[in-house]
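Shared between the two complexes below is chain A, which has chain B as its partner in the first and chain C in the second.
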Partner chain A sequence: MKTLYHDGDTALHRLSPRVKLIGLAVTSVVLFWLHSPVALGIAAFASIIVFSTLKLKWSEIRRQLRPLVVTLGLVCLFTLAFNGSADALTVFLRLGSLMLLAAAVTATTGIGDFIDEITLAAMPLERLGILRAADVGLAIGLVIRFVPEVVSRYKTIREAHLARGLRPRPLTVAVPLIILTLRSADEIAAAIDARGIRRQK
Partner chain B sequence: MSTRDLVLSALFAAIIIALGLLPPIMLGFVPVPITAQSLGVMLAGVVLGARRGTIAVLLVLVVAAIGLPVLSGGRGGLAVFAAPTTGYLIGWVFAALVTGLLSEKLVNRDQMAIAQTVGFFIAAVAGGVIVLYACGISYLAVVTGLGFQKAFFGSMAFIPGDVIKAVVAALAGRAVMVGYPLLPQRA
Partner chain C sequence: MDIRFNQAEARYDGRIVLHPLTLSLSERRVGIIGLNGSGKTTFARMINGLVSPTSGSVTVNGLDTVKDLDRSRAQTGFIFQNPQNQIILPLLKDDIALGLKAQRLPKADVESAVAAILSRFGISHLADRRSHELSGGELQLAAFASVLVGGPNILIMDEPTNQLDLKNRNLVERTIGELTEDVIVISHDLPLVMGVDRLLLFHEGRIAADGRPDEVIACYREIAA
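Right, the complex of A and B next:
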């Protein structure tokens, strides 16, 4: 699993993650407040300029944007067919700019930086006793660590089906996959507690 | 939250992500490809219950937001939260919550097998179809200015696939409960 972060040293890379995230949030509010096609057109142009300062290669741009362009394109076509060209253009410019800016923030902010920001943002919740801020990073790390494990278990179960001449079906694959994966929870939890990572009991 | 619950949620988040890596399948009578990822959301509620299931789904969304392409079709990054279909992603959280709450209410270990399966199916449809589409369609209608009726019309093609997923989730949920019971929540 390759992250969408792209190593580099552009102005956006150097900007603090907090500034980028707050900037993105403010921009999204402004974009939904704007209604004139001209203003939205200018916003879209500005977004393209911001994205182009990243100086990404074409192959990288494709990887970042392709799945999003497909969704946006489909919804715009649907809007065009049912609500006419004015609405479709507004949707295209507004969401297009927002997605481009969001992709720019993702491409220039490392996962560690994001986790730090989330942990900081979770501090007020910790004070309310809802969660422990440090758990967020731990949980994200666990998820990333175990995705390849689950995928390899899936392959094993599939092969076991094929070896017995059975067709792998969603149900007959999902059940052993879930039970096998969740059964390891006790061991992992014990390992975490034994290392004192969460500093409790 | 106990360490075990935290790990269970994280492992389930990994299962949901892995389901998104499988190629989408076409069913004969549904005109759109269906992915297994939203099946994972229903399963989270059915298997883990409301609290841990919701946290599992939240973890998937956080991992996607920080730039890992973990959503079906290799989508990820903050841009997926700026898309017209973002409502469905936000809806996942409430889908897992409602599926989990209803599973805890409707199903217990002393029931007959058929009652358990039906209970899980009702929970999966209420959360993974009704609540999910209510969120997704409202967001789509407001963001694109389409209006509710047209947004509903545009989403209709996906509903049969999701009802089938609810059936799979119900059967799998019961099978997991027999093999490795996690409901009702202990913590």
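Right, the complex of A and C next:
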């Protein structure tokens, strides 16, 4: 099981998870409120500075950002095709900044801390009887934990294709990937139940 | 331990995986063996309440595993075949703390309980390690710690030495031998179950033999021949 968290002792590592998450939420709102390419450019530059303070190795940066860059590229291409270059530039700067900041928060905040903060934030909803706060924290923690797991499983299936001289095709990769992920999800759900992490009452 | 099956039956998609069974377990160490698909894992999962009996009942220390699920489950820890799936969060200390946080214990109590359980298994140095960095034996000890931190008095293990090399197998066997909790161990590793107080042999969803390990293993060899 790999994780996007990186050990370290940078200013961002030392910052409280709550401050980081609130800061990220506020910054997202501000970024969507800004429209000027100059202002967004400054924001993007600031995001690069923040991310660079993590002092990650190139291999770690690649692992952390590759899926984000692919997504950003696709969104920008669609925007360019349908809305023109000005909008595509806005989307690139806005989402690029946001992705870098989110990646910086993910790289410096452990899943346990994430779960604690999200559980705390959901407590008012629990008091209203809408949901169980611990479930929200656990669900989000599991999503964060599973993303690298699914990627690693995808690589294994791809390698199994190549080892047998087969070209990996979307369907032949997706089917075993889904089956393996569901099977493992079943076992993890059973482990959560068996350990009493999610109580019945 | 006081585990009672009272005409407990389990079906899956209409197929009987465990025929109605009446049995009580009170020994400190119980082993379970049998061919693949013989019903032994279903039997163990019924004790923890992961599988509910389709008829009859199962009680653990007097608590019904359906009607009183949370309290009966608190009596039994369960170690799964693949400890990788047992460890839910990447960092070991976070994972061990997870079950305690669910009980809403104060942070200081959670931290001291985590430190105590890591120390008990001699794996304090692994607290900040990620589970994918651990060896098979370390991972199994981590699974023990994550389950026993909740304070169950019965530990059920499904193939605890599966896929371990000899060194890690010996480490896990030694650790099981030193456990102060009552133990139910399912295993294909016959030397591991030789020292139990009582051994059950499952075959085609029924108990085919029940008694001293040497007698039951002899019976198992006949079935497997």
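Side notes on the structure shown:
Simple rule for what comes next: the second predicted complex is superposed on the first by the 130 of 201 C-alpha atoms of A that agree within 3 Å, B and C clash if a C-alpha of one lies under 4 Å from a C-alpha of the other, contacts with A are read in each partner's own complex, and residues count from 1 in each chain.
Note that in this section contacts are C-beta pairs under 8 Å (C-beta built on N, C-alpha and C of every residue); 3 or more make two chains touch, one makes a residue touch a chain.
This structure is a prediction, so every number in the text was calculated from the model and none was measured.
Of the two partner chains placed by superposition, A:Pro17 touches none, neither chain B nor chain C.
Once chain A of one complex is fitted onto chain A of the other, the partner contacts of A:Pro37 are absent, as it touches neither chain B nor chain C. In the superposition on chain A, contact is made by A:Ile111 with both chain B and chain C.
Within the superposed three-chain model, A:Arg195 lies in touch with chain C and out of touch with chain B [touch as defined at top]. Touched residues of chain A were counted for both chain B and chain C, and B has more of them.
After overlaying the two complexes on the shared chain, residue contacts for A:Tyr5 are found with chain B and with chain C alike.
In the superposed pair of complexes, A:Ser184 makes contact with chain B and with chain C alike. In the superposition on chain A, A:Asp135 makes contact with chain B only, while chain C stays out of contact range. Taken together, the two structures place residues 1-3, 5, 111, 115, 142, 184, 188, 192-193, 198 of chain A in contact with chain B in one case and with chain C in the other. Chain contact summary for the complex, chain B toward chain A: residues 1-4, 6-15, 17-18, 21-22, 36, 39, 43, 47, 55, 59-60, 62-63, 65-70, 73-85, 140, 143-147, 150, 154, 168, 171-172, 175-176, 179-180, 182.
Those residues of chain A that touch chain B in the shared complex are 1-5, 24, 28, 64-65, 67-68, 70-72, 75, 78-79, 82-83, 87, 90-91, 95, 98-103, 105-107, 109, 111, 114-115, 118, 131-132, 135-136, 138-140, 142-144, 146-147, 149-151, 154, 170-171, 174-175, 177-179, 181-186, 188-189, 192-193, 198.
Interface of chain A with chain C (complex): residues 1-3, 5, 7, 110-112, 115-116, 134, 141-142, 145, 184, 187-188, 190-201.
The part of chain C that touches chain A in the complex is made up of residues 45, 48-50, 69-70, 73-74, 77-78, 80, 82, 84-91, 93-94, 97-99, 101-103, 128, 130-132, 146-147, 150.
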